[in-house]
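Going by the order they are written in, the chains are A, B, C, D, E, F, G and H; count residues from 1 in each one.
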């Protein structure tokens, strides 16, 4: 099939074909960055996702995550890959050839670092779980501390010792995003802030917490894109990868 | 149930379970701030709302408001709490164990302060009613003065004496939000301005009245978030709480 | 002098003349709003300010504040009104015929309410002092709690009992403006938030703390314009005026 | 001189030369639009302005206005055109060959329409005077009603009958720009709104009144650019030109 | 019915009742502004619209327009007012007691002014028709010149003489909105510019043509809100009303 | 049919009529610009599109493209023009009287230039195909290089020699849009950058890649509107048209 | 000198030293892109510019342009390179070892393409001259057509035949930027649009013409950054380089 | 001295006094966060900075950094602290009681981690040096790789092995900020991105690279505020602190 023939029939028909015209997989990424390419599901059809999955499997990759894939699309993909596991809160699909379960105790024993995911409110759950589940997929242990926003700061203070034990702290918050600054001032570990688009009015789809976190008065807070729980987990993984490399 | 197991099954199944993994209720809030935690319904599932409601009831709270809950979600919650009352215009759900009606005359006798809610147009009704109903929930009397926008200023002027008798004035307006400045210049009482997202084009979802109100040429106007009728009622309640404390 | 002749000679020559062409003083404001018109100095020439001052004095007003007047302009105005006192931090000029000093102990005895002004950082001082000095000009007592931003939250917590004794709390913060939410969650009194333009980059001249404060997760926080310490004091004064009226 | 040689020496030297390389004067504009081209001074050097002035004079135009020209630049231009009159508040320069004074009583008798210029505050004076003086330059009578912002609405109401007599009303306001809506609701004549950049913080250099005016709840208000007093006068002139044409 | 009872049952039930709680009709508007209050349908329920219509009819108004009312809502309203005429392109509903047809030839004879509505593209039709139909409702004659955008400027030039005969020109354009400047430079009559939200990407829902029109290099162009065809017609009507008053 | 009767019945009925009231076709465009008018389908009804198509055919144009037309609308149009070909990925409809197939080999032999379309990710496919198919419609050859974003820069480098052979390079990218700068630094040919709205959060619907591309550190990159694959193809065509003209 | 010692003494002292710590010159650029690296003067000190110049000369480059360098800085650089020519309008510095004059007639004979630079107003001159002079530096012939904005469209039309003869047309415009669309609709050649920051108010430092140009209704217009006359010349050069390559 | 007396005399006189009214030093920060409070110089007077410095010294802190302090202010501070060292490029002042030089070789031996600071251009030097010098102040070794922007990607590729040896990589870039994505795709270590405000036009004071970096297609890049070289160093320090803690 000619690479130049993309447009004269629907991509849907074409996608199952082996040589991908619409994607150039980066098979080399694990060697270069320590992590396989993760498939970003948004804006891709189920057939495109299946095609990329199959292509990665064909190239010997056995443990693949798809993010931002809604349930309907995941169901279509799972027709071809029935053993893939769907996590509905973070809308992730996990393909794992060894059928090892995501939170299998044995695996946890192997886990290297501890990531704490802290949220301001219940509404931030979806984004937080993307961070948490992605971290677990990457073999890290996760401590979830949810709904401890600064309007009732004792809720955070009562759990701060727990949080301090983590190697990396991911703070997920919408609205004014103040939690990132407060945590950043209480914890010496790397803090990664994820603004969420939850809110309304002058939140402007997450602009408010994004600006807050960038202007954090606690210095040394790294910010990722709005709702980018995945990116936060990847930065945590870079930090823990460094730790692993240095300690081994 | 382990706090770390949030992600391996759907939150829907999990929520009815007693120990909440997705929320950290601030039971202490009434003591600290004079008002129970109010449940913000947006971005929460019906099961999460029900779970939080049950948890608050279990901790002895008997009078609870849920805001920003649409009718479909409210119907689901009311399957578990059939006596909760749904207010369709402000999209609030009121749970009240003593079954005391919201606007019961006996209760009104107990009311401490008078809040006037003034709107520029009919389209601001929904937001205004969130302010009004929340104030009533907090035992304040409410004077509604609706659709008196500045394009026909005599409508406002003809009712200004009534408005002046209120202890706090909440002004709800979309479009250019000019009403807040005009009221602020006519009334000596605290004025709380609520911009609304009603409008189109260069209203930019409420940005126009928000900026107007922040730039009010009448000084001493406090602004809350776009469409945040609830927040305005809460600020009014802080003011009336101060009054009550000082006068008792 | 003809009202229509403004443009054919420089306003500088014209201003000292008695009948003002460029201003329409609202002599009735104290009766209507409880406070004299305050002169906003920004964008007015020294001669215009002097002209308005003289006009107000001629109409029997003996206690007048000018805000946002820089030192050079104030020096020019004080040539005509040598007894006016200049406050350099908040850039205010106070004219007081009875020569009563701003913080005269006797006056303080008369003060009605207690306003706490809380700042996140030292850089917010100028705006905070506009709130504080304006409150003192309005005969309120002021408690200053400066530089207690959330990056070191113990600084705030150690002074929270003091702050809780105030009738109204004004929170002044730049950067991410998180302090307003934290204070709002710890204090039941009316909280007025003033975003400041101090900061750089993604602060966007105060947009970041403005949005934060509007999205405060602590409900019942009223926001005023960026750097508007004056407006915060005026809203505090409306609240304290209500208190005074009810208690007298 | 070759049109293509602009860049090899400074425009300053070149400008006095007769054939303009940097400007293409629209001599035909009066015939087409009823008004000569007006020289916009901002971003032009004194020599460029003088060059264009001379070129227009050479083509028989005897009555020319320059807008947005500061005093220093005007002084330089007046070395070549000593009889040109400088208006310092609106920063305009008027060249008039017949030496007819701008507000000469005889001329006023000729004036066709009455333009009312209404401002919210003293700080809007500069922009208002650009509207007023430009209207006078165009032979209209001007009624100035200044500093009648909505924070003291009686100031406006007390003069509304006067304003209603005008043919066109120009409303100049900064801050929240509410005056345009209020006037638009009280007057049936065409209303032209000019937002000003006076203000601070969330005024965002005039964005706040601009959006307000565009969202005016009084329908039929035409808005021009921020600080564009000139443009408002030109729109008024188009309206009065139509009137003149129809009535003659 | 008590004005304070709005919230305890659905507005839908209440609206048909005679005394309106949710609206304060400005019956005086025709006398003051020359035009009846026009009902803005967006954000109002069919019952609210019907209620306001009935209330206006009960107060003797016999010719009423409703704007921004979609077909479904209009159908509901027409159950109560079967003779009201629905115009589907501009989404307007016209109630006219004398059953006089909108474009009845006899009426046209009575029309006073000629409004030209010029659009850049076919996609601007809906907004343009709001201007055109509203102008016809106000008894003006309308000349439609559609799809003459500047990418093919001869299309505009070939019709410019026709356009010049109009008393007022309304220019409706999306994308870059350049048409307003070009028309403004070719026509001496008042030009009203209406930016439309048609477009995509960097049009930012009409921000691009809005800014263009405000910055028009042809001076004397008045701008109304994005998609506000109604407002443009109302400004045209103010101008033509002035003309009528002066000529009668 | 009278041009002024647009509004009294639905445009749907009217469109099939021959004389178009809602569109002014620019038949002269091919002569002037070298390309027929292309029909922009967004915001036009199927009947309007069919009407314009028929009108163009009636005027002797035999090869017409419609862009931004979704499948449902295309199906309606194809009822009238069954031979028109629909390309589902770029959502284009091609009408070609000679029934010559878009990618007919004979035609390719005629093709003049080579356009390379390079994308950062699979999600940019739709926009890229609009560029590619439009270029093919204009008889250019197209080299597709998809999913070579800078996160795995070797993917781009491995194909750079191929890309360098193209006459014009169109770079399509969302997210941070970095690909345009990198390609611009590696290739000496004209580079046209198309930002896409694919992404989320701080992408702000394509604002992020738009600003990136405008600020490209590789100089000489021309940017078109967000998602405007069509515009990029048209700019490429202008360049190739110049080449053809000079070389013939 | 150690690359790591940048910070312990002022860059000013260090810059004249031969090995540059603060810059990594891309000597390979001419081969790769057909043009030497051009030094962007903004944000660089005179010493840094001199250092880079010297380094380039030392590597055998004999013809170097510096852009965005103000006169004061240029004077400092010319102390070391007295033969460099300063162009004051576009603020460029040209270093040319063969002392060949920029517009030497002999050179013009060598010029390959013709670039037309068209401006809307006199105020756009500076940006236009950056395009023009840079094009001349790159050995292209330049046709300057200045001040032909659309408010007097006959000025443009009268020169359109001249413009059509150019190979590439650069349109420079501020305010509403309409000129790009109009030219794009009249000329079949590649059109490059340069928005300028000239203007005030809702121009928002060039945002208005930038958005206009991106939304141009004339398709195939490539846009560069605000005020980026240099970038436009570089894109023109890429196009003319392609032409040269193909024709040689 | 009374904490409430801040406003009645200038802060300048007051600052040298021992008890600070304008600042609440967080002496506990080193214990809590591993780093002393760093003094942010912007918006503080020289006297305030000196006062805070003295207060910290009095409390036993012997190694203190002041950031964002310009040379004039630093000179004033150094009158009181003549041994403090001023770094002119990053505008930092270092006070170090042991007089140990910042880059003393012995100290370097103690350094724990290696931070690579990579910049896109020479203009980013100031921000980069803030990162580099702050890292050195915190006892880390620094590898500077400057001016390797993506327009000449071979410059980066030729040094990538060096960069990969660092423990943390700080990428400093203005314009389109593409460097962060490219580095993020080539290096597995934690990448911290610092957007700079260098640029013009559509850079919008650093908004362009800020958005780019937040949307980086290379996942796991943490972003700090525009120009916040300091914050990047602090995040690097949190990561290296974790490493040190784990390895000791």
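Note that in this section a contact is a pair of C-beta atoms (placed from the backbone, for glycine too) under 8 Å apart; a residue touches a chain by one contact, two chains touch by 3 or more.
Predicted, not measured: the structure shown is a model, and the values here were computed from it.
Undergrad: So if I look at the partners of chain D and the partners of chain G, which chains show up in both lists?
TA: Joint contacts, listed by label: E.
Undergrad: Under the document's definition of touching, what chains do chain B and chain F have as common neighbours?
TA: The shared contacts of chain B and chain F, listed by label, come to A, E.
Undergrad: Could you give the fewest steps needed to travel from chain B to chain C through chains in contact?
TA: Tracing touching chains, the least step count from chain B to chain C comes to 1.
Undergrad: Compare the contact pairs of D-G with each of B-E, A-C or B-C and report the one sharing over half of them by residue number.
TA: Having compared contact pairs by residue number, the answer is B-E.
Undergrad: Quick one: compare the interface residues of chain B with those of chain E and tell me same or different, with half as the dividing line.
TA: different
Undergrad: Which chain's C-alpha centroid is most distant from that of chain D?
TA: Measuring from the centre of chain D, the most distant chain centre belongs to A.
Undergrad: How many angstrom lie between the centres of chain E and chain H, each centre taken as the mean Cα position?
TA: From the centre of chain E to the centre of chain H is 57 Å.
Undergrad: Report, in whole Å, the distance between the mean C-alpha point of chain B and the mean C-alpha point of chain D.
TA: Computed value for the inter-centroid distance: 47 Å.
Undergrad: Roughly how far is chain A from chain B, centre to centre by C-alpha average, rounded to an integer in Å?
TA: 35
Undergrad: Where does chain A touch two or more other chains at once, residue-wise?
TA: 32, 121, 151-152, 185-186, 201-203, 210, 214-215, 219, 225-226
Undergrad: Per the touch rule above, enumerate the chain pairs that touch, sorted by label.
TA: All touching pairs, sorted by chain label, are A-B, A-C, A-F, A-H, B-C, B-D, B-E, C-D, C-H, D-E, D-G, E-F, E-G, F-G, F-H, G-H.
Undergrad: Within the complex, which stretch of chain C touches chain B?
TA: 32-34, 38, 167-168, 185-192, 210, 214-215, 219-226, 230-231, 234-235, 237-239, 241-243, 246-247
Undergrad: Which of the residues in chain H come into contact with chain G in the complex?
TA: So the residues of chain H in touch with chain G come to 87-90, 102-103, 121-123, 125, 129, 132-133, 136, 142-144, 146-148, 151-152, 154-155, 198, 200-203.
Undergrad: Taking the touch rule as given, give the residues of chain D at its contact with chain B in the complex, in rising order.
TA: 120-121, 149-153, 174-178, 180-182, 184-186, 199, 201-204, 207-209, 211-219
Undergrad: Under the touch definition given earlier, write down the residues of chain F that touch chain E in their complex.
TA: My answer: residues 3-8, 10-11, 21-24, 26, 28-29, 32, 37, 40, 42-44, 48, 52, 195, 197, 205-206, 210, 225-228.
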